[in-house]
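These are the structures, in structure tokens.
In the two complexes that follow, chain A is the common piece, with chain B as its partner first and chain C second.
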Partner chain A sequence: MAHRIVGQRFGRLDGADKVTGAARYSADVTLPGMVWGKALRSPLPHARIVRVDASRARALPGVLAVLTAADVPDLLVGRRMFDMPLLARDRVRFVGEKVAVVAALDPDVAEEALAFIEVEYDELPAVFDPADAIQPGAPLVHENPGAYHGAPAERPHANVQSVLRFKLGDVDAGFREADRVFEHTFRTQLAHHGYIEPHAGVIALDEDERVQVWASNKMPYRLKELLSHALELPPARIRVNLTPIGGDFGGKGSLMDLPLAYHLARVTRRPVKMVMRYTEELMAGNPRHPSVVTMRTGVTKDGRIVARRATALYNSGAYAAFKPAPSVNLGGTSMGAGVYRIPHLLLEGFCVYTNTIPCGHARSPGEPQMLFAEESHMDMIAKELGLDPVELRRRNLLRDGDALANGHHLEHVRATETLDAALAASDWAKPKPRGVGRGVAMGHRHIGVGFTNAQVRLETKGTVTLTIGLPDTGTGAHLVLRQVVAEVLGLSIDEVQIELATTDLFETDSGVGGSRVTHTGGRAAFHAAEKLKEQIHAEATKLGTPDASFATIAQAAAREGRTLEAVHFYDAKSHAAVTSFTAQVAEVAVDPATGQVTVLRFTTAHDVGTIINPLGHQGQIEGGLIQGLGFALMEELQTAEGRISTLSLGDFKLPTIRDIPPLTTVIVEDAVGPGPFRAKAIGEGSISPVAPAIANAVADACGVRIVDLPITAEKVYFALQDRKGRS
Partner chain B sequence: MIRLTVNGQAHELDVPSYRTLLDCLRYDLGLTGSKEGCGVGVCGACTVLLDGKMISSCIALAVFADGREVTTVEGLAEDERLHPVQQAFMDAGGFQCGICTPGQVVAAKALLDAIPHPSEAEIKEWMLGNLCRCTGYYKIVESIQAAAGQARA
Partner chain C sequence: MIAFDYRAPRSLDETLAILQEYGDEARVIAGGTALVTMMRQRLAQPACVVSVRGVAGLGRIEATNGSIRIGALVTHREAECSPLIQERLPVLAETFRRVGTIRIRHMATVGGALAHADPNQDPPVTLMALDAGVEVQRAGGGRELPVAEFFRDYYESALEPGELVTAVTVPLLPAATGASYVKFLPRTADDYATVAVAATVTLEPDGEHCREARIALGSVATTPLRERAAEALLSGARLGERLLKAAGSAAKTAVDPLDDHRGSAAYKREMTAVMVERALTQAWAEARRAARASG
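This part shows the complex of A and B:
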């Protein structure tokens, strides 16, 4: 079916405020009488707090309050598992944990005051490596994590936060069917999301003693619930006001400093702003979990995979509080199966406590980790079998009717078509010069689920206002929702405005994340618009003028004191039987003298549903892909003994405009998604296969297999030297 | 006491000697368009023009701007009309979350002032100090190319 508005390439009509500087992000919110909060953080990875003396800081001119654990309620917070104190009480568990917090009239004074807080520590034995942490006798990060609210039941060791397991068939029997068995181990690094906006929040108590919140948080309704618990206040006393968010990528869903800002506001009777310095982000944000992944695969002589066991050890850090899923684990663990039909499968993810930075969710949580291992492993198996890596993949790709280990069932499988599209566009079969290699990798990503409200109202001038509770994280979702409403109601894009509700308007909403908004927000907007359309028709019929303009209809209703409006609450509980495949080809050159890897060109092919806005869609592909490139080649929070040494964006390298390779994107469109007009999702589709595609290309170019990310020149150089030495 | 002109408006103000130009703009003058990302001169979110030259205002002291002219993102549009660079960033998808955008458009304006028709390599060279985590930069390059074309017309 042809659409008028859906499928049109609209620019960011919703973004005039962003190019003029008028957009007010949380850090820009300024209120009369507002003061600044700053946190003092632990310099030690594991220690008993012997004494805190804030008296000298309290006496500084301009300082209004200093709070320590003794001044805030003794409760634990989290997104799913509640194991984190508001301020460290008796004990610190990682370098960067908050110990005290200051409110001052001026941000610089607040920061200065931190130096006047005296804390005496008694250092405790610490554990940093997840493999060490699960040994008998390892130092315990928490004595009894099973007692925490939201803690999963299974706990093979007190330092295990959670175990996530996916199974198909009988893996032991499967390995007995195999002619050959291969096992390899891979490592991925600790990496921050790299959003340019550090966490920021403003809290004010209004004249009704309601808590007004402005925060860089993408799930306002969940935030309200979490705050209600953390502040020990009924939800009705809390209002979250939506602000644009300066990049999320999975990182902006927790409470972060908000409870402390509240307590400072309560004590000082002033609005309080807390903005993290980027250094604090890098030492105590909620970055992507580092992993150690062991892949073991049984294959028949003709290259059919019959069994696989994949085990991921995730270094989760000192608290589980940042993980939002009920499993308190990373769903991406299921990607240990890759895009393949494997009859006997056991995939396990262990989230392990250590005395390091607590980790959280990051764009397609767990998938870049698992797919780096899985898709590198596939090429290593192909090499051992003497098979072409593409051929090994082809023989094992998922097909219609297959079930995934996470319980999803698949139809409309376009794995082969997507692979073929990437190969064709990348000139896969063409000869290449010496020192140049090509690598392929695949992945797939679900279409997210959740629940969202949309309200539509016909204005007397004949336009429509769409009200939603989803903040703008930058994806362009607001424009997509306007397009959906305009399409349904036969309006132009300019005739649909968007209005953001505070958390007072709706009951609940799952917010932004997990590749869900086009689906859940889109369907909510679609159905609300359909309802409004019916009302408009009924009204026109009543007026006796079936083709009356929207303005006439709205005005007629207004004369009777009525407004035409409709609300829809869309709740997608289970995943549709579709997914989105990605196939990517990296072409790289390796400099034998330095080990430097240059990505010469990159091809990405995506199996997608109806594209609502091609510009925004492509933007998601490109943005995710370059994050994948950074993860592959440069991003790493380097740590030693629990201390992160890359504490600025100068040391924690993100890709720059000069790092982007020539890119070819291929779209395999198949209108079968669960979203409005059969859309799927795209936000998390491009990031995960990038690293293994590059690793496979490096191996093809110079014969060196890098099994730990990032693939730095240094690692490639030493691996080349090593190989020379051996031959 | 320092005197500075910001987006054509003269200001006289008392600032502590340690105040950065970025904090002075955001906090003392209430111009929150310029953003703080890295705070150490790496990301470019705080880019402003000082006497027409691009600087990172997070690592410049406010006193350093005494007697000089500052242009921020708030000063690019003339009489409600967006600067061609701003319009191009909207049309060509040059931003997503928009937190880097004030710095990007100020830097891009300075680029086109210096080199009206930059090559792709010149764009990448000039914009090297402006990080963007959302777009992957492809559409930033396209936006600047579009703005250059527009200026040519």
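This part shows the complex of A and C:
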């Protein structure tokens, strides 16, 4: 089907405002009389709070309020499992936990005041490693987590937050069918999302005691619900105002400092702004879980996988509160099956409490961890079997009708085509110079589900306004939604404006996340626009001029006191029977004298649906890929005894443009998605296979297998030395 | 508010008078790439910040007899792009090019890079290998000291309260000399070096023997280091691959790196050997080219 607007390359219409600084983020919101809040954080990983004395801080000129646990309600907050106090009460459980909060006339005074708060601690034994934490007799991070609201029932150890399990067939029987069984263990690191905008929020109480909220949060309606609980106020008393978001990557869905900003506003009777410093982000944001993943696979002599067991231990840190899924776990655990048909499967993810930073969701939560293990494991098996790694994959790829680990049967499976596309574009079969290696890895990502409201209104000048309760987290989603409406109504992109609703307008919205916005927001906008189109036709018929312009129609309705508008609530409850496959090839050079890995080129192939905006689509592919590259090679929050030492972006390194190799993208288009115009999702498709593709390429280049991320030059160097020493 | 006095003198004399008045309570700011970060992290809380950006006469790059004199306020970007430096001391232009990002280089100054005394910076390493001198002024006098004597400890220079770096004087390379700067960046292109090495090699007229070699190291100790033991191995010796490797091994034993996010101490020690060998190999090749060009 030919489209006019869908499929056209549109540059970002909000780009100019963002690069010139005109865009107003939450941290830019300034209200009359506004004061600043700052938090005092625990210097210890686990301790009893003996005494807090804030009297000297309270006496400091410019300080309006100091709150400790004694001054705020004794309640626990969270997204699914409610286990986190507003301020540490009696006990701190990680370095960076908030113990007190100050409101002052300016941020420097607020920060200065923190130094005048005296806290006496009595240090407790702490546990940092998830494997240690689940041993008998390990220090307990929480005494009775089962009692927390939202706590899952299964708890093999008091330090286990949650268990997520996927089963197909009978895994023990499957292993009995196997000719060979392979087992390998992998580790991935603690990594921050690296968004540019740190968490920021402004809270103001207006005259009728309503709570006005401006926050870098991607789920305004969910935020309203969570705040209603945390502030013990009816939802109608809370209004979340949408602002642009400076990057999310899964990290902007929690309450963070907002309840404390509210209590400071309540006490000071002033609007309160809290903006986390980046150091605070790195010590107490909600980063990607570190993992220890053990993969065990049974194969037949001819390389068919008959059984697999994968066990992931996720170091979840001191609280489960940041995790948004009902399972309080990481859905990416299912990626332990990779893109393969495995008749007997048992995948388990354990989220474990430790005295470290609480982790949350990060772009395709759990998948980069599991796929690093899974796709590295595949190459290691291939090597043991003497099979080409591509051939081993081919023999096991998913086909139409096969079930995923969650039992979901797939249609329109394009795994083989996607793999072939990546191999062809990467010159997979061509000879390589010495010291150069190629590695392949695959993955897939579902098309997200959720629910969204969209309202469209015909303006008297003939343009259309789309009102939506979804913020744009920086992905260009709003542009996609405008394209959908413009396409349906036969308008140009400039004739469709977007307006952000506050949470007063609609009943609900699932917000941004989980690769859902093009699907849910797009379908809501599509159907709302279809409804408006019908109204416009009816109106034109009534006027007796079927060719009347939109302006004429809108004005005619306005003369009768009517506005033509339509709302659609789209609710996608279950996943479509299609997924999106990714196949990637990394080509690397390894310097044997230093271990330095240089990615020479990178190829990524994607099985996608209709592409609404090719420019934004490509941006998502490249952005995810570069984030995957950072995860593979450099991004690591280094910790010792629960203390993070990489506390600035000078030490926690993200890739810069000079670190990006030439990228080749191949699109395998097959328009069968559930989104508008049969679109699929793209936001989380490219990140996860990057690290195993690079690890496999490093092994191909120099024979060294790195099983823990990131793949640093130092690890490769010492592995090479080790091998030299042994031979 | 963390209040501090702010002064923006227009002349050198005025600057030196202010620095004398405030003594160790004053911090000089030029590009601000180091001091602003330190103040934000509360590692520095000066009572007075003295901006020298408007001070006349400290921004020149000029050829003097046998040297290039670079004013303290010359930015890294100006040094990198200076035709004079590019032509006469290309290794120095290249060193400035390797600093941070172009945004940093437009702000950071040559004098600031020295006074900051950060052992991870690039320019001090090359300036040390080139045997540069630092000009320092204070109210009522001045002194010049070799870069090799300028750094005392981690973020600590030989500057006394009241003193200001005003210029650095870099001797041109003698005949039949090559120089190199090797910055080892295994993690990302935008980082401090894991190990940095600057080297010079001067050949005897026979083109085979080394008259003099100078080796300076960065990021491997609390200050940039001159590596004289490795230099001594080369001086007077007939150059060859094996000797350069031996010089690398000698350098490895002289360093005392810290474990940090850029590598463990053990790895940095190993990489010192590799990078010294690579820097010397490059400098030697340059020296042969120079010898051929003049011969």
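Operating definition for what follows: the second predicted complex is superposed on the first by the 725 of 727 C-alpha atoms of A that agree within 3 Å, B and C clash if a C-alpha of one lies under 4 Å from a C-alpha of the other, contacts with A are read in each partner's own complex, and residues count from 1 in each chain.
Throughout what follows, a contact is a pair of C-beta atoms (placed from the backbone, for glycine too) under 8 Å apart; a residue touches a chain by one contact, two chains touch by 3 or more.
Keep in mind it's a predicted model, so treat the numbers as computed, not measured.
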First, second, both or neither for A:R658, with chain B first and chain C second: both
First, second, both or neither for A:G247, with chain B first and chain C second: first
Partner chain(s) touched by A:T646 [first = chain B, second = chain C, both, neither]: second
Chain B versus chain C as contact partner of A:T594, first or second or both or neither: second
Chain B versus chain C as contact partner of A:Y570, first or second or both or neither: neither
Greater residue coverage of chain A in the superposed arrangement, chain B or chain C: B
Contacts of A:F186 with chain B and chain C, given as first, second, both or neither: neither
Which of chain B and chain C A:T473 touches, first, second, both or neither: first
Which superposed partner A:D108 touches (first chain B, second chain C, both, neither): both
Partner chain(s) touched by A:A23 [first = chain B, second = chain C, both, neither]: first
Common interface residues of chain A - those touching chain B in one complex and chain C in the other: 106, 108, 648, 654-656, 658
Residue ranges of chain C in contact with chain A within the complex: 1-2, 41, 101, 184, 186-191, 194, 260-261, 263-264, 267, 270-271, 274
Interfacial residue positions of chain A with respect to chain C in the complex: 106, 108-109, 112, 593-596, 633-634, 636, 638, 645-646, 648, 651-656, 658-659, 712-714, 717-718
Touching residues (chain side chain B, partner chain A) in the complex: 16, 18-19, 23, 26-27, 30-43, 45, 72-74, 76-77, 82, 86-87, 89-93, 95-102, 105, 123-125, 127-128, 130-141
Contacting residues of chain A [partner chain B, same complex]: 11-13, 15-25, 27-28, 30, 106-108, 193-198, 244-249, 275, 277-279, 472-476, 615-616, 618-619, 622-627, 648-650, 654-658, 660, 663
